[in-house]
Amino acid sequence: MLEITLFYIAATIALVATVLAMTRANAIHALIYLIVSLLAVAVIFFLIGAPFAAALEIVIYAGAIMVLFVFVIMMLNLGEEGDARERGLLHPKIWAGPALLSLMLFSELLYMISTVDGPVSSGVVTAKEVGLALFGPYVLAVEIASMLLLAGLVGSYHLGRRYLEREE
Amino acid sequence: MNMSEMTALMPILMLSLTAVVLMIQASIKRDQAVAWWITAAGLLLSLWGAGYARDFVQPVTVLLVVDDWGLFFTTLILMASLVTLILSKESFSPEGERKEEYYLLLVLSVLGAVILIQSSHMASLLLGMELMGVALYGMIAFPEKGELPLEAAIKYLVLSACASVMLLFGFALIYAATGDLTFAGIGAKAGEAYAREPVLLMAGSAMILAGLGFKLSVVPFHMWTPDVYQGAPTPVTGFLATVSKGAVFIALTRFFIEGQLYQYSSLIFALSAVAIASMLVGNWLALQQQNIKRLLAYSSIAHFGYLLLVLIALSMAIDADTNRLIGEAITYYLAAYIVTTLAAFTVVATLAGEDDSLSMIGAFDGLFWRNPLQASVLTVAMLSFAGIPLTAGFIGKFYLMTVAIQSQLWVLMGALVLGSAIAIYYYLRIIFAMSKIPPASIKLGSQGDINKGPRVEFGPQDLLAALLMLLVLLLGSWPQPFIAFAGSL
Amino acid sequence: MADMIWLVPLIPLLSAIILMLGSAILPRLLIGLLGVGSVGLAALLTMLLGLEFLANPEPFQLSLWTWMQVGNFSPSIAFYFDGLTLVMMSVITGVGFLIHLFSTEFMEEDTSYARYFAYLNMFVAAMLVLVMADNLLLLYLGWEGVGVCSYLLVGFWYQDSANGQAARKAFVVTRIGDTAMALGLLLLFTELGTLDIQAMVGAANIEWQVGGTLPLIACLLLLGGAVGKSAQLPLHTWLPDAMAGPTPVSALIHAATMVTAGVYLIARTHGLFLLAPTAMMIVALVGLATLLMAAFTALMQTDIKRILAYSTISQIGYMFLALGVGAWTAGIFHLMTHAFFKALLFLGSGAIIHYLHHEHNIFKMGGLRTRMPVTFWSFMIGSAALAALPMTSGFFSKDQILLQAYQFSDIGPLLWFGGLLGALLTAIYSFRLVFVVFFGKANTEPEGDTGWRMAVPLITLCTLAMIGGYFIIPVADVFPVASGDHPAHWVEYVSISVPLLGVLLAYLIFQSRQLNVDRWVSSSVGQALRRFWLSGWGIDWLYDRAFVRPYYRISGLLKNEPIDAIYGLVVAINQTFNHWLVESQTGRMRWYVASMVLGLIVLLTLALQIPALQPTEGAS
Amino acid sequence: MEGLNIPLNHILLVSSLLFSIGMLGLMIRRNIIFILMSLEVMLNSAALAFVAAGAHWGQPDGQVIFMLILTVAAAEVAVGLGLVLQVQRRFKTLDMDSANRMRG
Amino acid sequence: MVMINLILILLVGGVLAMLSERAGENMPRRVALTVVLLDIIYLLSHLSGMADLTQLQAPMPDDPSTWLMHFKAQWIPAFGISIEFALDGVSLLMVMLTLVLGAIAISSSWTDVMAKRGFFEANLLWTLAGVLGVFMALDLFLFFLFWEVMLIPMYFMIAIWGHENRGYAAMKFFIFTQASGLLMLVATLGLVAVNHSATGQWSFSYFDLLNTPMAEQTAHWLMLGFFIAFVVKLPAFPFHTWLPDAHTQAPTAGSVILAGILLKTGAYGLIRFAVPLFPEAALDFSFTAMALGAAGVVYGAVLAFSQTDFKRLVAYSSVSHMGFVLLGVYAWNELALQGAVMQMVAHGFSTAALFMIAGSLQERLHTRDMREMGGLWQQMPRMGAVAMFFVVASLGLPGLGNFVAEFLVLLGLFQVNPWMTAVAALGLITGAIYSLILMQRSFQGEPNAKLEGHSLTDFGRREMLTMAVMMVALIGLGLYPQPVLDMAQPVLQSLLEMTSVEIAP
């Protein structure tokens, strides 16, 4: 019972934090809400028997990727006037249409999900199992992922280097 | 992973190796000429590898499957990459003192495409697509000047990521429904899952179609296409149009066939709607377009609409003969499309370079008299796109029509005919522009100075363009060997 | 000799070709020699042929080659020669020769001398083919050939658009008739399986009943052709305008030969018409109506050539009347005499016009009796013959027609009376012409009288117009014999006296002025009638409103291709779609995302239409 | 941690909501940084769905895919943020609505 | 091989002509003319060895060896596509017409085209090659290939060397014919598919596809696909609107080829494919087709009348004349078919000549607008006389080829439908109206004030020679058409027999 209660709390936090993150004018504020959301999702991971994923969610997602955002935001040094403009842009005229679309999308997903039943899981999938899978059948995927990171690295290096060179 | 499996992965290994060598080279001494040669050698080696791997066709782990069909397309996109490579050297980035990274990205992108082609698992599909995509972002945004490449890159990144998430979500739903991530596994369990949770399965498939549809730029996921085509450096556009789209289409086909998605009439119906919309919308959009890169973008929308017809035909396939026909049709059409597109972009890259104003149709006025070779190549390419006989595009269209008739897809057939009829207009517009005689020369009444126009020098792009044109014509006028080959895959 | 018959049309044709090719290099004398000589030669040959034929009156046929052979359709280029052919050939070559000769003087100063003779020769050739043709298709060739030559000659002075207008009118109006005739040919071939006139008539007599529908339709279609060519109601309107051509042309084509082709056609195919009594009745009525209408109109004209033109229409009306009542011989006889005296009158008027500075209005002439004596006498004799004064050629032929008309079934007397009324009018208008032009005071001074090249034809024709009535045309074997009995004598007396009365009236009105008609004429009814008659009974006006203007309007409306609007619509639809879709490419990323989401929603909606049945049939 | 009986559809519901919210953010935000954040939210939603599905079937594959998604997210964000820097430098703004030089 | 060589000579000749431009700007036209003459000689030399052309054997549709020539080689065996050419009397006629008019067209471009002559002559020759292919190909795939490919050089001719509105005209021409060609492609594939399902064999060969059994409905649709493609090219009302633009804007040689030859491919297609492949469907459809033909005859003539552009008028006259062909084909009896074939030949000459005259006028006056002409006879009597000849030919004067054609068509049609014949016969009247107004507006009437002071050169020797060839041809066709009829007769006979067997219940 506890897990279920925890799950609903975590889910609520995740959703609220995400909504708040999406509607902030200040990027740093938004980012912090986003991190909260990610942490909440990590809790859900933990609750549904994926402790390894939960750990990674915290370490990499909330920890590493979000920090990247922070760096960039700091580097750009967005001022107060930027915030003001962002606030002005969040006008109903702008979000009404998209909100309707999102609502439609969600209701379709809702309809779809409503047909699913049964509990999420019967047991915990441990880090060991994941590790075995990762370096068993998925070993090529790991290799390819490394290439993917390399591509990301090279791309961001190329783009970021020029920025820095120009700044100097 | 035994030796045989490793050998089967030869093209992938060679490409990875090239990437590593490029990294090492960059850390020792940055020299873009050397990098170019390394890349070229790597691509050639991979080509060799693709040929070598033909004797070792097999599934490699759950992720990849190496088969003749995939190897053929691997070969094809490797060649396309070589074309891109040649074009990149000659015609892009005047400032490019640092092109090593570009070559690295190119290799990585090709690697992603090859993985995509050979993927038999959601993970490899995802990774292949992302690898190809992420490397492409860097390639699109590579030029240091101008706002268009940047705008194109950012649009592509955001929209492509959005599409990837749709795809991923769809995978998740299907996984939830079937409990399997391999295509074949999904196919095997889908029947049972459909009986239990049809909604989940269908919604998942629809989201996957949306995600892949974005990469193929079919309606309504087409809007990014012209902007990215226009903004990206022309060789990259060519790469995007051929390698990226071709690989994604192969992956889609694999998923569609292995996952046995053709069984579901609602999906087929949705796909038909997408196909028809693409055929018509693509052509309508292109009608008055003045920028040739955008025009080609719109035309590609229509072409992938045509190609979807083949997948739809799978649902109607009645006998083995028709199935063989469908297989050949995909192979032929895609090959023809890739070759033709490369020919077109070779010309555009050669003539327009990175200058956006030079890719306006007006800049092609009278090209026949200034640069007959390039003009002829572009003409042949346009005719091939339009499906005029003696070009590869015609045989492709011929295949599509035969498939449509055999499968009795009359509505799609109607859209195909209608779309082709509309398309003639804008392809012809380009040819017309190129054939304009400069007004002065008419007054002169003799060939006078018009003939002084043509360039004297004959660069590698000219050779390349001529080769591609010959290939288009050869595929169109003597298709039997290729048909036999495609039939054997 | 008979084998050489093909030379008769060939000689003028060759001459025409030579003249056409050599128009720029041949000297005038040679042109004249060629033009006149070729027709003269043809006339000579005709004469020889005629002599031979009269000695041995056996019709013969000469086939040159099979024109075309498609299935059982195999018309030949073949000639048929009998009495009727001989009469026609004689008229064509004989009168034709005289008119050619006349032309050498008349056209002397014209720059296009060679072209003129080329056309004229070509006309003679075509006309000969027409009358010599063994089958209707070849006849049709000649028929159209003369039409084209008529067109060319009417529009000979092409610089004046009015001439071109007249020429086109002539061609198009006759073409309407020709088309009917062509349809008749189609019908005849389809039903009878041949177009050879003799074989066809034979077949018709076997296959068709007298009074049947098919012969009626066929005859009416042929009549359509005849009516067009011979300027009968309702297709007569072209002839008065055709006077725009040189006067000798009017004499040859529009008086002596071509316009009588319709008469020839009906006479030639009389075997068919005998199968369709209704058609014959219609022919007679058309003739009667035309002769009266044209006579009234002629009475009011002031243009000398238009008077003659209407008179021609009227006289051909008599011929039609004759054909309609079965007086074949009389009709052909009148054709011949008419050719003489009408050619004479036209040539006479040509002389007047030539020497009177191209003046056409008779009221601007006058007193020419002394100044142009040859012309005057020509006119006197011609008019007398036209008016059918006793002992002239016209008298004999017209008399025969009237008498036979009188005997024609129930309505015979009615036809006779109509013809008589026409004769009275004819006498009045022809002598009105004589009195106005040659008597009274001179309004215009002529440049002189005719030279010998004009005088010889005039005098020859005078003679023919006088004595032509005593000729016996050798058509006895061609036509069925007319009934032998004569009508009552009073009929004959009346027929003889009416023209005389007409001349008297003309004298009283136009010469001695003892009969003042001014009061009638100036009355409103009289004015209206005068205008009505002057305009040719308003038929031109009617056609203009009913056909010509609507055609122009329709053509003008359609000019810019309304069908293209349909395709324009297709283009517009495509452009509209293009416009909308291009508008959707805003370049804004958020909008693009929205479209993707919308697409996803649509896809999901479509995909979630889960069918009741499970997977469709499919192969792996 | 025995007896995990949270209904699967509830987790998928959360995931769908996150997906929709992310999509909404993508559609309403103009600032490129927020757009990237929205993408992260969406990726996260997909990851959640995968992990849930994996848990449902008791397989490690869901978590493996989760890790791959992490990689993808990292790579995308890395390049994306690199582009952000360039955007700021060249357009002098992060407002993506002003990046519409190409259209039509 | 002879047939392939005929095409190859032209193709290679085109390349030579293009290259020869370097040797001097007058070279291309000489080379081109030589090539066409060479082709004619080549053809004749091979024909002379054969049986008397007027005594041909009837080509059996199921036995290619009874044809005059037959060639077959594998091409794309996967689909049963082969390079199959065959020649019978009708195709031979068309081939000869093509080559003769080709030579004439080159002559007409002698002084007309000034820029890029090499490429121009090359396109001209390539068009001819394509047309020859159309007339000889008996593999439906190959036929379609030539059908489409011949348009491309034609397109270039209009688009590059055309007059002021060339882009629009060329585009319209290409899209009309191409779009309708797509329908034919679909119909071809449908037919092949039906044949495939019946026999299990892929084949595009005409000989195999004849007598393909199929459902009535299917046959109707497939027939319609062919029909539309052919009548667009013919062109028949209401698919004709591309023609006035294309003809008007094309350079003289282009108009000559377009009117003289290209239109005939449509008629040829009807006779060769549309009817024999689907005899029952064609029979059911014949009333509609004939109605279109009759409508075209009248409509074209009415529109021709109001045109002020010389070439446009002639173009509409083509619409009218081609209506007769459509009528003849769908009357489908020997008389009408002979008429249609005859019309194809005769119209080829008469219209080509009129277009050449239009071209000469444009060259001299720099306008085609008849409102700026008038009284030209005075300065150019030779041209006037020639124009008069062809005008009366086009209005169907007996003794000239067009008359024979029209009369035969009407004669055949009358046996099928007299009322339709009456409507079509209206074309004789309206034809006269527009033909004569053409003469009136250009050569007759008062000399146009705008032309005062211009000295216009009359036709020279070369032009007169070209014209003389066509005049002689028309007179020959008019007075002794038998050789042409004899050549076509066996073919038509066997077609009729074949379809009548089919039609019989």
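Things to note:
As written, the chain order gives the labels A, B, C, D and E, with residue 1 at the start of each chain.
Here is the rule we use: a residue touches a chain if its C-beta (ideal position, glycine included) is under 8 Å from a C-beta of that chain, and two chains touch if they have at least 3 such contacts.
What you are looking at is a predicted structure, and each value in this text was computed from that prediction instead of being measured.
Path length between subunit A and subunit E in the chain contact graph, taken as the least number of steps between touching chains: 2. Between subunit D and subunit E, the least number of touch steps comes to 2. Chain E has the Cα centre that lies closest to the mean of all protein Cα atoms in view.
Counted by C-beta pairs in contact, the busier of A-C and C-D is C-D. For the pair subunit B and subunit D, the distance between mean C-alpha positions equals 27 Å. Separating the centre of subunit B from that of subunit E, both taken as means of CA atoms, is a distance of 42 Å. For the pair subunit A and subunit D, the distance between mean C-alpha positions equals 5 Å.
Inter-chain spacing, taken between the CA centroids of subunit C and subunit E, is 36 Å. Residues of subunit D found to touch two or more other chains are 8, 12, 19, 22-23, 26-30, 35-36, 52, 54, 56, 59, 61-62, 64, 68, 71-72, 75-76, 79, 83, 86, 96, 99-104.
Touching two or more other chains at once are residues 123, 127, 130, 134, 137-138, 141, 154-155, 158, 162, 173, 176, 199, 203, 226-227 of subunit B. If you check each pair of chains against the touch rule, the ones that pass are A-B, A-C, A-D, B-C, B-D, B-E, C-D, C-E. Residues of subunit D that touch subunit A in their complex: 1, 3-14, 16-25, 27-31, 33-34, 36-38, 40-41, 44, 47-48, 51-52, 54-56, 58-64, 66-68, 70-79, 81-86, 88-89, 94-95. Subunit D makes touch with subunit B in their complex at residues 8, 12, 15, 19, 22-23, 26, 32, 35-36, 39, 42-43, 45-46, 49-50, 52-54, 56-57, 59, 61-62, 64-65, 68-69, 71-72, 75-76, 79-80, 83, 86-87, 90-91, 96, 99-104. Residues 590, 594, 597-598, 600-601, 604-605, 608 of subunit C are the ones that touch subunit A when the two sit in their complex.
Residues of subunit C touching subunit B in their complex: 574-575, 577-578, 581-582, 584-585, 587, 589, 591-593, 595-596, 598-600, 602-604, 606-611, 614-616, 618-620. On the side of subunit B, the complex with subunit C involves touching residues 154-155, 158-159, 162-163, 166, 191, 194-195, 198-199, 202-203, 205-207, 209-210, 213-214, 219-221, 223-224, 226-227, 257, 260, 262-270, 273-274, 280-281, 284-285, 287-288, 314-315, 317-320, 323, 422.
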